[in-house]
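These are the structures, in structure tokens.
Next come two complexes built around chain A: one with chain B, the other with chain C.
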Partner chain A sequence: MRGAAINWTLRVYLLLIFTFVFAPIIFSVIFSFNSDRFPTIPLGSFTTGWYAKIFADSEVWEAARNSLIVSLCTCVLATILGFCTAYSDYRYNFKFKGPYLALVLLPPTIPLIIMALAMLAWFSKIGVSGQLWSIIIAHSVLTAPFAMAIIRLRLNQIDPNLEPAAWNLGASEWRTMREVIVPFCKPAIISALFLTAAISFDEFAVAWFVSGLNKTIPVLVLEIVQGNIDPRVNAIGTFVFFISMTLVILAQLFFLARLNTKAAAHD
Partner chain B sequence: MSRLNAYALTWRLPIIIWQILFFLGPLLFMIAMSFFLVKNYRMIEAFEFKNWDKMLSRGYVWDSYWLTLGMAALSTAIASLVAFPAAFFLAFKSSENLRRWAIFLLIIPFFTSYLVRTFSWYVILAESGVINALIGNIGLGPYTMLNTKFGTIVGYLTLTLPLVVILQTVSLANVDKTLIQAAQNLGCSPWRTIRAVIIPAAKAGLIVAALFCFILSFGDFVAPYYLGGSKPPTLPILIIDTTKSGQQWPRAAVVAVMMMVTLFTIAFASIILAYRKRASK
Partner chain C sequence: MTESLVVLDRVVKRFGTFTAVREANLTIEQGEFIAIMGPSGCGKTTTLRMLAGLEEPSEGEIRIGGKRMNAVPPHERDTPMVWQSLALFPFLNARENVEFGLKMRGVDAPERKRRALEWLERLEIGQFAERNIETLSGGQKQRVALARSLITEPQLLLLDEPLSALDAHLVIRMQSVLTRLQRELGITFVYVTHSQSEAFAMADRVVIMAQGEIAQVGKPRDIYRAPANRFVAEFVGRNNILSGRIAGADAGFVQVETPVGTLTVQADGTPPAVGTEASFVVAADMVHIDRAPDGAANSVQASLISEEFVGSVVTLFLEADDGTEFKVQLQERALAALEPRTGDVFHLSWKAEDAHLLPGAAI
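Let's turn to the complex of A and B:
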């Protein structure tokens, strides 16, 4: 009896934690359809006006275009860098491997606001600040570790004899890479692309500092929020949330489908 | 195996060049910049301790410093304590299926904008907001929650709690189940099993979770600015104000270096604590 009581208490507790975590997300969706400028309970009437407002706003479209370019370029760049590093770590032992890995993996442990200031100053010094690709460079540094981690985990699962087997059969290292390693890592490469794109799409501190006048969506949100209470933020947030969730779910479905076909092939 | 050839270098070099140029470069330059001078709104490369003297002798900088440190520590303590029962349940008491779903759900917040979530809290916690409207119905309140330390902590937890629960769950789930059974067979009470067996066994993971929570809270400017009212400002807000409005990049760099030294000290101490062998009894 006592065990069951504790079990149920813990269940309720978990539910409370989920309430705390999801309350702001759910309320933001609700408020985005609510007519009041300052939403409270009881709610005002239902409206899609805030959406109409953001879709009619050229500034929002401009920011969406910038965000799309930045996250697409970032994910490709970060995944390539991450793949190279993961493969180096998997295949080779070399001197200074510790510092090498530290150099790659440290960026996420440094607060973004510090990276933002450091990158702003350095990019101005070497003359690459205030451009859209300043954000791309910055984001690739910040997200490459995540790509590296995902791909490295996948490489852990590879049969260590697979590569030597290909060499013995006369394939060059390059050909083995192309026909054995890369296909094996493909699911991880795709998740890395999605994950790094998602991180880049949401990042605002560094983007705000180094972007100059090229605002991305989160930077635009930051500026709107600084002004006043404005439910457009909820509309933008909800819209972006559903797009990223769709991407994440599509990525999941893609893998599940692949896994199932694999399992079927094994049967 | 480690013979250097074109093939090996192709995979090893890109990240080295990239990180030196765009990660190490900025950080080292920022440290150097903290010694630069500003004259007529232009930065002059120099090696003077003026910024350091100025910043370290100002009372408001230290007020900000202790506030940021204290709030981040409080956030870490609260997040670790609040997350633990949930992580404990997910690791030991829940079904495999529920655990997988819970972790999936806890990842969702990472794909939503932290800014939008904070803005949502702003509206929920406001004087005439959702919470005060709800408790007003039963004749309580209104309470002031915005522009208080409470608001800041709510914001910090929004950022960190999902991550702390996930990390704690993973580290608790990795505890050797036979250890727990052995303790119970030897007559250990549930509380004592948690305290004397489970927590020490999962120590490293729990400390790493707390460390991430500290780093995220310490460096966050959104929660203390929008929910905490920024009076006094925390160090990240100080960096933004000094950079954006004051054009005093070198002074902002001083604050950033102070933050980095603090973080490195704390990270180093936690890692030693996490991986120290327990003294044999």
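Let's turn to the complex of A and C:
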């Protein structure tokens, strides 16, 4: 009897959490189809007008293109960086390894505004600010630790004899990297690609500071809402939400799929 | 004269201040089955890893096929290894695992596949060729690992405790698979194990290591009958070790004065001087046990403490008046006639030829 009560309480609690997290997004999606200019209830009539409007807007297209380029380049760069640091941590022991790892994992712990200001100051000093690839560099620095963490976790599961076994069978160190380490880490690498792409796609603060005239989607959204209340934001938001969620879910699927096949094998 | 397949010439391996292998000398002939055995930390795995090129000797020289191998990296050697953890590639299926070595040598795909299937068939796991490694049983994985290391048809195969993860009944089966393969292929096997039964059952010669040193090299039977020193005698077990003082010597035999009486012991070569300390061993299954004295020269009285059954072999543990312990091994059938009860006094005797003097100071 008491167990059931606790069970129900927990379920309601969980429901509340999800409501709290997702309600604003759901409302945003609903209002993106609402003909009224102001987000009020009762709703006006159903419309896809806001979508038509953003599709016709070259500024939105430009921002979408920028976001896409930035997140694609970022995910590749960040995953390569993350893979290299994860592997160096797995394979080698060296002096100052502790400080090295602390430094590598530092970026996400720095408040974004400070990070963004620092990036801007530094980039303008060396004359690379205001470019699309300024955002790419900044985002790579910001997201590489996530890639590193995912890939390092995967490397934890490797049999330490796997690499020597490959050498033993005639594979050089580089060949072993290609034939053993990368295939072994593949689920984590794919997962890291999706996750870093998602983070980069959503990131606003750093992008806003270093982008100059190259607006990404989040920067554009801010500019729109700064001017006035415009339901176009809801339409754009809906798009961004679905893209990000797709990327994150794909990242999870690739990471979990590996674990599931393992679990199934042990049954 | 051609040199032996493998030569270890005064090989030393140090890790920092720790010496894992000291002054190891060993030659291994083409087609031999060598077992390196010893307690953990004795340097046996380090020796194997040096043969594979995974560790470089700190001093001395390793030659394989007459060529100095000290600094040759592992992937430029032809010394495949079967790992204790098996180290199969989890992202490849059974056949692809077996193909790996050929792929690294640039053999084309159809040829690789044909030879991999041949090997899987030979090891009786042909039907699992396309199966995921994770779905195979321990014994099947073991066979995949064997096929993977044999597919390049090496001269030398290294095995690092490959059977230690298997169930007892599978160990026996894999032992016969291994010995059969070794005979058929004529490949040299270097087999590292801490299991005496595995080493003695399979190997032509056994190398016993202790604290980084090679304590004895010999045929299993010789090591058992005539251990080179006290460590080997104790490690091999099944031996009675007696200590005393040399009381006399004549024509290949010495008399040793021990707490349980003066006993005659065979002494090969120059016997130790009269008056020096000496130890000797008598294998447990060479000791005759009876209720009445049988008039033999080497006879000791001892009372029964306990018995231990392993299969059809029984080990009796006895104690003489002064506390010296004796082990006697006999077949269960022989035991029935004896009707032993704890506390009973028995007469133990053995032939002087079956007692072997331990040379020098014990390590």
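Everything that follows uses one rule, which is that the second predicted complex is superposed on the first by the 243 of 267 C-alpha atoms of A that agree within 3 Å, B and C clash if a C-alpha of one lies under 4 Å from a C-alpha of the other, contacts with A are read in each partner's own complex, and residues count from 1 in each chain.
As a convention for this text, a residue touches a chain if its C-beta (ideal position, glycine included) is under 8 Å from a C-beta of that chain, and two chains touch if they have at least 3 such contacts.
What you see is a predicted model, and the numbers here were worked out from it, not measured in a lab.
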item	value
First (chain B), second (chain C), both or neither touched by A:Ile25	first
Chain B versus chain C as contact partner of A:Ala171, first or second or both or neither	second
Touching partner for A:Tyr51 - first (chain B), second (chain C), both, neither	neither
Chain B versus chain C as contact partner of A:Trp133, first or second or both or neither	neither
Dominant contact partner of chain A by residue count, chain C or chain B	B
Shared contact residues on chain A - chain B and chain C	173
Residues of chain A touching chain B in the complex	7, 10-11, 13-14, 17-18, 20-25, 27-28, 31, 38-42, 80-81, 84-85, 87-88, 91-95, 100, 103-104, 106-107, 109-115, 117-123, 125-126, 137-138, 140-141, 144, 173-174, 198, 202, 204-205, 209, 218, 221-222, 225, 229, 233-234, 236-237, 240-241, 244-245, 248
In the complex, chain B residues that touch chain A	1-2, 7-8, 10-12, 14-16, 18-20, 22-27, 29-30, 33, 82-83, 85-86, 88-90, 93, 102, 105-106, 108-124, 126, 128-130, 133-134, 157-158, 161-162, 165, 215-216, 218-221, 226, 236, 239-240, 243, 249, 252-253, 256, 259-260, 263, 267
Residue numbers on chain A that touch chain C, as the complex places them	159, 161-162, 164-173, 175, 179-180, 183-184, 186, 261-262, 265
Residues on chain C engaged by chain A in the complex (per definition of touch)	52-54, 73-75, 78-81, 83-85, 87, 89-92, 100-101, 103-105, 132, 134-135, 148-149, 152
